[in-house]
Amino acid sequence: MDGAAATMCPQLAVVGAGEAGSELVAMAEQVGARLAEAGAVLVCGGLGGVMEAACRGARRAGGSTVGLLPGTDRGAANRFVDVVIPTGLGEARNVLVVRSGEAVIAVGGGYGTLAEIALALKAGTPVVGIATWELARAGLAIDDVERVESAAEAVERALTLAGARPR
Amino acid sequence: MDGAAATMCPQLAVVGAGEAGSELVAMAEQVGARLAEAGAVLVCGGLGGVMEAACRGARRAGGSTVGLLPGTDRGAANRFVDVVIPTGLGEARNVLVVRSGEAVIAVGGGYGTLAEIALALKAGTPVVGIATWELARAGLAIDDVERVESAAEAVERALTLAGARPR
Amino acid sequence: MDGAAATMCPQLAVVGAGEAGSELVAMAEQVGARLAEAGAVLVCGGLGGVMEAACRGARRAGGSTVGLLPGTDRGAANRFVDVVIPTGLGEARNVLVVRSGEAVIAVGGGYGTLAEIALALKAGTPVVGIATWELARAGLAIDDVERVESAAEAVERALTLAGARPR
Amino acid sequence: MDGAAATMCPQLAVVGAGEAGSELVAMAEQVGARLAEAGAVLVCGGLGGVMEAACRGARRAGGSTVGLLPGTDRGAANRFVDVVIPTGLGEARNVLVVRSGEAVIAVGGGYGTLAEIALALKAGTPVVGIATWELARAGLAIDDVERVESAAEAVERALTLAGARPR
């Protein structure tokens, strides 16, 4: 009995745009809720849109949330972030979001999200995607993103893929 | 009732060397415990020595801990870290430790700790020090570190100084 | 007469994979040569493949090269790099490569290159691509990359687009 | 004959405050000039004060200068910087300045400079200081900074110490 938990909670990153339509927002909120129900800590970029929706879903389901902000002002975090890391690194904080997740769930997304998907795949971190970027080179689809249709599937696949990685 | 806490927990950074003697370790553990009792989240560099002792103290007192690791391997975190951010930035992660604290408590420390003290003072973040670096220039003591002797004092002063900062 | 040049040289970033086939390597070398002939400084990730070929081309044409390495060992730079910045930031250095170019030229590329393209587009930096990633979302091509076929075109377009940006 | 120089130029970092009195400015300018005469590339934080003076000295003596800016606006560089790296990392760019030098010369300096000295010593990079910070712990001077009185001495010692390091 030394106060350390037997095992650390799994940490999953949720990435998506800071401005998003109502469908993606609803999806992100469900992703957050499912992650919380599974006992995972949610890590994200801490701002609005998909990030805020995911945090709100996680918090309402009793989960914990971490926001890695681009700026140095902690007040920029959405109000569902528990732990605020005001990195001050600008878009370089995207690298930290990805590194902090044992798997990444991408919900829709703009160019920042595309960068996060690419950085995750470069690092060998599993990426599960809902309505997100499709990639090709020389007319040939190149896609290591696992594509799913629902929040439940996204969280289940992400947790499975995260568990499959050597720690 | 929307699931968001009324107020975010205060976050304080504890900095100190990865290898430390038993006196500093005991002091750091008490600092961690006091921070947890005050309801603050402890942020640190996530490794051994002072960092591990502070996390152990916080965790045993029921608090939450965040470790910003220099490398990309989450397994390098001490086992009292709840949220692991494997930054992969090397010593540049010291900047993030400092930015994540509303005040910084320095316990002893080597050159990494000195960098963190300097970065905090540069950013205008209050620093409370126990048995830590003394600074001078041209033979003149220049010291914006608030020096205390006990863990209780350190936490009380750090929380007060953090509260005094505009958010 | 104060020793400052009247105008700073334009800086362009060349991005591409650390391992590349002979066609892309030849293309990258020509890109480097054309940049040097145009008086531009070439910034890249400092490693092999497309990066080394571009540096070799630039150097042989009398130009200057900068390598922003992921690690801290300056010896990892290819031997055609003049200024070595061993960032120690891992893939987060990709953000710096992009920020250092007034425009970005992508030659082929893997997931690291995709991240750089995405980060550049996010930041509003023009991207010119040769045989590089194609992007779509929901089956719809979304492409702000200007696609060209030759090194000469790539450099001409990149310099024009860079010049069009407010400084 | 392949266009690669036989040996890369030594790179030295010059650190000091962005605002400095006329004595330190004159000293920094001489340091820059001596570095240029020795064939070294000068790396610095790219802003004013000691940084600008060192760049001016280097440029007037025909040398090359690199500025690692805290922000993303290349226009913030002083006009004697040849290669501009607008890191956008804030004070975390200090880590890169230090990593880019085979030795560090500190001229005077505020808390940013103190952080750079500490980061260099942590990394095992030699530091030569002119009128800069003095360090102690528990009343005991702890000083791995090599102290000199003149620009000529500073450059000579820094080059020697840099050369003494394994590459």
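Order of writing sets the labels: A, B, C and D. Residues in every chain begin at 1.
Definition applied: a residue touches a chain if its C-beta (ideal position, glycine included) is under 8 Å from a C-beta of that chain, and two chains touch if they have at least 3 such contacts.
Predicted model, so just to flag it, every value in this text is computed and none were measured.
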Open item on the list: Farthest chain from chain C, going by mean C-alpha coordinates, please.
Closed with: B
- [ ] Name whichever of B-D and A-D has more C-beta pairs touching across its two chains.
- [x] B-D
Task: chain B and chain D: spacing of chain centres that average the CA atoms, whole Å - done: 29
Task: Cα-centroid distance, chain A relative to chain D, in whole angstrom - done: 39
TODO: Among the residues of chain A, pick out those that touch two or more other chains and give their numbers.
DONE: 72, 88-92, 95-96, 123
Open item on the list: Going by the contact rule set out above, which residues of chain B touch chain C in the complex?
Closed with: 72, 88-92
TODO: Please give the residue numbers of chain B that touch chain D in the complex, ascending.
DONE: 89-92, 94-96, 108, 110-112, 114-115, 118-119, 121-123, 131-139
Open item on the list: Going by the contact rule set out above, which residues of chain D touch chain C in the complex?
Closed with: 2-5, 8-9, 11, 41, 43, 56, 59-60, 64, 66, 68, 72, 74-75, 77, 79-89, 95-96, 99-100, 102, 123, 167
